[in-house]
Amino acid sequence: MTKLLKIAGLGGVAAMTALPAMAQDAAADPVPYIMTTLLFLVGGFLVFWMAAGFAMLEAGLVRSKNVTTQLTKNISLFSIASIMYWLVGFNLMYPGEFLISGWLGGFSWTTLEPVGLAAADASLDYASVGSDFFFQLMFCATTASIVSGTLAERIKLWPFLIFTVILTGFIYPIEASWQWGGGWLSEFGFSDFAGSTLVHAAGGAAALAGAIVLGARSGKYVDGKVVPMPGSNLALATLGTFILWLGWFGFNGGSQLAAGTVGDITDVSRIFANTNMAAASGAVAALILTQISYGKVDLTMVLNGALAGLVSITAEPLAPSLLGALITGAIGGVIVVYTVPLLDKLKIDDVVGAIPVHFFAGIWGTLAVAFYTQGWVPQIVGIVSICAFVFVVSYVVFLILNAVMGIRVSEEDEIAGLDASELGMEAYPEFIKG
Amino acid sequence: MKLIIAVIKPFKLEEVREALTSIGIQGLMVSEVKGYGRQAGHTEIYRGAEYVVNFVPKVKLELVVADGDVEKALETISSTAKTGKIGDGKVFVLDVEQAMRVRTGETGDEAI
Amino acid sequence: MTKLLKIAGLGGVAAMTALPAMAQDAAADPVPYIMTTLLFLVGGFLVFWMAAGFAMLEAGLVRSKNVTTQLTKNISLFSIASIMYWLVGFNLMYPGEFLISGWLGGFSWTTLEPVGLAAADASLDYASVGSDFFFQLMFCATTASIVSGTLAERIKLWPFLIFTVILTGFIYPIEASWQWGGGWLSEFGFSDFAGSTLVHAAGGAAALAGAIVLGARSGKYVDGKVVPMPGSNLALATLGTFILWLGWFGFNGGSQLAAGTVGDITDVSRIFANTNMAAASGAVAALILTQISYGKVDLTMVLNGALAGLVSITAEPLAPSLLGALITGAIGGVIVVYTVPLLDKLKIDDVVGAIPVHFFAGIWGTLAVAFYTQGWVPQIVGIVSICAFVFVVSYVVFLILNAVMGIRVSEEDEIAGLDASELGMEAYPEFIKG
Amino acid sequence: MTKLLKIAGLGGVAAMTALPAMAQDAAADPVPYIMTTLLFLVGGFLVFWMAAGFAMLEAGLVRSKNVTTQLTKNISLFSIASIMYWLVGFNLMYPGEFLISGWLGGFSWTTLEPVGLAAADASLDYASVGSDFFFQLMFCATTASIVSGTLAERIKLWPFLIFTVILTGFIYPIEASWQWGGGWLSEFGFSDFAGSTLVHAAGGAAALAGAIVLGARSGKYVDGKVVPMPGSNLALATLGTFILWLGWFGFNGGSQLAAGTVGDITDVSRIFANTNMAAASGAVAALILTQISYGKVDLTMVLNGALAGLVSITAEPLAPSLLGALITGAIGGVIVVYTVPLLDKLKIDDVVGAIPVHFFAGIWGTLAVAFYTQGWVPQIVGIVSICAFVFVVSYVVFLILNAVMGIRVSEEDEIAGLDASELGMEAYPEFIKG
Amino acid sequence: MKLIIAVIKPFKLEEVREALTSIGIQGLMVSEVKGYGRQAGHTEIYRGAEYVVNFVPKVKLELVVADGDVEKALETISSTAKTGKIGDGKVFVLDVEQAMRVRTGETGDEAI
Amino acid sequence: MKLIIAVIKPFKLEEVREALTSIGIQGLMVSEVKGYGRQAGHTEIYRGAEYVVNFVPKVKLELVVADGDVEKALETISSTAKTGKIGDGKVFVLDVEQAMRVRTGETGDEAI
């Protein structure tokens, strides 16, 4: 089941739907509604937790002179996403009626069901609007989290936050509506279960656009050589990865969008098992590959490998067998190990490896769906159209922001660190830094 | 032999070390210090309370060089560490009476 | 639905209750019972997680020389709360029969249902006693967590723990019984859904009493100037805030006290969405306000702002629309930004901002309920009576502890840090401190 | 209910089972199946989270020069466990048919139910295979996590990971099959609800074997004196403990293996409350005991005490009253305070105290079951046979690994730290270390 | 010029810096050190094992002053840093042969 | 009096301190430094990019001793800190003109 189905339940809270009942006598039985709502609530709080995961991962991978700023960006972007998705995003993404059919939803803010909803007024074949909004909001915020890592250590706070407003209020909801809102891509046969492309490659494309407009950190590429700038705290980075791994059970599991029948809850189980397997095999692939390639294991690559495994399986966490999930995830891990240095060769400076993890592995995962379902064409069209749209719009927005207010700190400020120059507050004021 | 103590801006460390290496200086030690000087004194706000930041992060280099290398080293450090902005730092020279390499027991200029 | 209703189910495990069944044919259907029990278990472990959030927030906001002590206080206070709430708290708070009607419950320890409870013996219109005890215990512990942050860096370990015994065994259960135990305040029409006042302002009042008796940290207020003592680790503080935010879904969502009907689970969804919105708007309000007031964003204020948003919505997370939640939370964020310096002006030294977040925003949130339900009078009476009771009793307890054993470390010990003087164990022994 | 029952549902996905239905008309009602599956999913992600808890606990208790290595071991061991348990572990542990009756299961990898399982094909009296696999896998990984802490700071990365392959693929599944797979121990009347011995003492026995083969860290025992090597980050260690505590609700609660009836969900509630109580009393016992014995509270002992409380209650978290749980947990806490120095006296160098926490407290907890159920004999036979099996096999494997590739880094590498020598990557590169 | 090296108790740092500023000393560097001396030697227990803590945290100040300022500086430091309890620290004076300000190339007393 | 500056391998610190104590040296200060010398220069890989690690962690000891104790101290340090492998470190000796104990105001050899 793809997210497409859900729009039936969104036409109106109290409206009767024409869809066939999903479970045996679901019409009157409130259990499926209750269970699916619960799935969204539990899945939603797990995906919420991913915001903390991104914050810790990024705080661990930047140098300590930029940690406060990175933390500030992360908590702020999540907060902004929460507001923008309510203000315009949710209804833009799941329009009752499209403004431009299949391409652009409508503009209105979100209202929930009344308190104490009667069963007769509920979409008994789906879930509560409140839980659905809560769950979907977290995906929107995730997209923005991806961007902050790539652009770390040099983008100014406020231009970044303004970009977040646009990304979470407009860019993400519009492209996501093409598929999950029942737009043209869904009719074209594109398949992306929980968002390898709609969320992850999209976030990666926005990050890529930003990285190009912004340029590399000063001192990163000197005389044709890559200068490593090691992350300040790998314990935090590892914690962040574990948090993301945990949250991903909600991300993929919740995207089943139903939990009230034997079939659905069994499918959710399958998704959990596959998601875990892909993360594990992504990590192991990076573990082995860095040992072979470099002679030493690189923990940051193992962390990225686990995340790449998770991104890869996100487009189709249900259909594969555990062996299939293992293969999909492992290829994700391999992709990361090769594309991290590749980006460096192109002098695209991605501080935390978000583009390899979310963009490249996201594309791989979405392509791999073709092994299980429809043909290659819808997958390629979906990937290209979404990535192109997000990249181009993001690129233009970054250019405009740059022209209007400048998006990058001065070199002097960058050397001093954004914490000193932008915020005047150190994350670890007592630890002397080297 | 002389001990050269240089206090410079942290981001200049790598450049200065390379410059010193290129003139044949083979050893030194680096420590993090907090510097107080003319550069200090900007105001920050923490949870609504203003305060003056008196110390700025600096890096201290200590190197013992043969008498004949002092001028060269001084010049290399000052030209490389210089940005022309306040806070570039200082270099001091002190006399060293003895030096010894632990590994070999060598003393004097041999030791450095 | 307020917590008041729950006492019906607590009269006795096997007793038949006179309450009308809450859902269609709930009498025989075990699903509502199972779902509400599940709500308590999931909500309970989420609120448990808040204990870790407080520990990390406080460990990040104290100086590194006091981190071990702060961690010790946090894990100990939670453990003590777990024991005291079992030993006397739970039955004092939810008395079958009051000792002094509406004011003081009875003294007895908690016993759970037998293993393998038969459906016929269960309060099918509510939830298992075990899950209810588990859930309610977490609220008790939260109250104590609030206190530890304010009093950090100068209170001795054991006096603090003794105060915790009294707070979690007696003070909190007694005042909470007035409302949630069906006492006089609930009859008076006071409304406090999940405890903006009963938990948060109460914890804040105890913290305030302690801060006054204890005095400020030495060197905090010198010649009429406030000397900032920056927290040692803002990454931990941010992690703590994210943990608290996550836990709050359980705090507020679980306080619906029912999840087994379409109406209840939909209400829980609404609560989740509103809770998230208030946190987000509290953070954004602090973000913008510190930029405007100080010219620079203050991350610690943004963290406090998110928490203040959460505290504010806690008194009524169900009734408001998302816009209402946004406004309630944002005002909470504003309150924090103004009351943190205010306390400093009064030379009340609150190390982590717990009084602004829990006391002031808690009062605001409880007052704001009047916009949705009953009039202002019950709200004001509730706030004043609870805060006054907790403040006065705590004040007296701290005075007695001070007289008997001294609650404050010597100035020399304070300068050396409590980790060296009280525990002889550093949190970061290898990092040289400045 | 012990895990033994579950094998009925595993004989074949679509097979009709001869077991009596567990709840009223469960045969047709999908709710128990859905709820139990949900229990496994939620319990499973909570136990997954324990992997992060071990990682943080261990990263906090090693010196900073070994933190990257410890993090690498933790994320890798979990990933390896995920793969090995799929490849061979699950079916070896829950064999449809034993190869050697009651002693050795079969070798095959795990396959899940088809997508969209029909209710008629499901084991309606149990849960989905996917959720069961997901849940059980986490127990296997936990066993391996226990080992990594003890052997920290001196074992090479790859030998450790190879041992993990054997432990998670073979040693754990085989011994666990004796009880939970319906093998000879379960028929003998041994009782170990969630694995005080099957998981914790087993992991501890493997750790003990490794510690003996490996020897103590250089400089640990000098001239008959114990040289403390304080952990580098007690905030992380405390975070890890809170994470483990949280995860344990899933560990013990999920081991009820059923949540779809009033009796089962009420039992799960009881387990949650008892689990929390045992952790709290373990912590308080260590708090008081270190104050009395040493004159100062030792936070690391309090953390170990909470964990020992949790391990102790794991063998029987359901039957005891809250008072019983308090006593069981407190004794666990006492055991830790006395056995940590005891091991040092024996010059067995256990970096994080995993042997006291998991082995000694695990044995205590398993013995204590005799107070509630069968006699002492099955308990003693179970403990001895499992610990002996795991210890001997692990010992031999470590000896072989040592002979083949050497399991210990050189003294020079150990002094430089494993992060520099094994991985060439520091966890905190910017913080000067003392 | 002389180099004054002072090792003092950390909590006295701010006070000493202010006192030095008030007598016209305009620059110095601060580093964290672990001090070993008469004050050291208390026993702690970690996980049941006793051990002796030999080092206590101290702060080291280094400042180069003109010859004429040495006495004043010495006195200021010692009077401000003094608590009268063991472990108050030491002040040492060494001769400095040269000094240079990196920014301007000034040397000698001009440089400090 | 002389100031002895010794830069040694970190794991030798405790041993050297004990040896110094046993010959009657009663005080010193220790700081962490990054050392650059012949030992430096191994290559690491971080996220696929090679780089040269120029600095190795070292520990710096500073102790002021009476003139008559210099040789003894030098010898003790060098013999204890020696492993015979590259990077064992150096010892330097500088002249100290004055010394003062903050607590008592004692000066000269009394102060140390």
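Every chain is named by a letter (A, B, C, D, E and F) in the order it is written, and numbering of its residues begins at 1.
Everything that follows uses one rule, which is that a contact is a pair of C-beta atoms (placed from the backbone, for glycine too) under 8 Å apart; a residue touches a chain by one contact, two chains touch by 3 or more.
The model shown is predicted, which means the values in this text are computed figures rather than measured ones.
Chains that count as touching both chain B and chain F, per the definition above, are A, E.
For the pair chain A and chain D, the fraction of shared interface numbers is less than half, so the two copies use mostly different residues to meet. Ranking D-E and D-F by contacting C-beta pairs places D-E first. The geometric centre of chain E is 18 Å away from that of chain F, both derived from CA atoms.
Here the CA centre of chain A is 52 Å from the CA centre of chain E. The multi-chain contact residues of chain F, meaning those touching 2 or more other chains, are 31-32, 34, 45-46, 94-95. Among all residues of chain A, those that touch two or more other chains are 31, 38, 42, 230, 233, 239, 296, 298, 300, 424-425, 428, 431-434. Touching pairs of chains, sorted by label, consist of A-B, A-C, A-D, A-F, B-C, B-E, B-F, C-D, C-E, D-E, D-F, E-F. The touching residues of chain F, counted against chain B in their complex, run 2, 5-8, 31-38, 54-55, 58, 60, 70, 74, 77-78, 81-95. The touching residues of chain C, when paired with chain B in their complex, are 225-228, 230, 293-296, 298, 300-301, 337, 340-341, 344, 353, 434.
Within the complex formed with chain C, the chain A residues making contact are 30-31, 33-34, 37-38, 40-42, 44-45, 48-49, 51-52, 55-56, 59-60, 67-68, 71-72, 74-76, 78-83, 86, 109-113, 115-119, 122, 124, 127-131, 133-134, 137, 157-158, 233, 236, 239, 422-432. By the touch criterion stated above, chain E contacts chain D in their complex at residues 34, 45-49, 51. In the complex of the two chains, the chain D residues touching chain C come out as 24, 31, 35, 38, 42, 46, 63-64, 230-235, 238-239, 241-243, 245-246, 249, 253, 259-263, 265-270, 272-273, 276-277, 279-281, 283-284, 287, 291, 296-300, 302-303, 306, 318-319, 321-323, 326, 428, 431-434.
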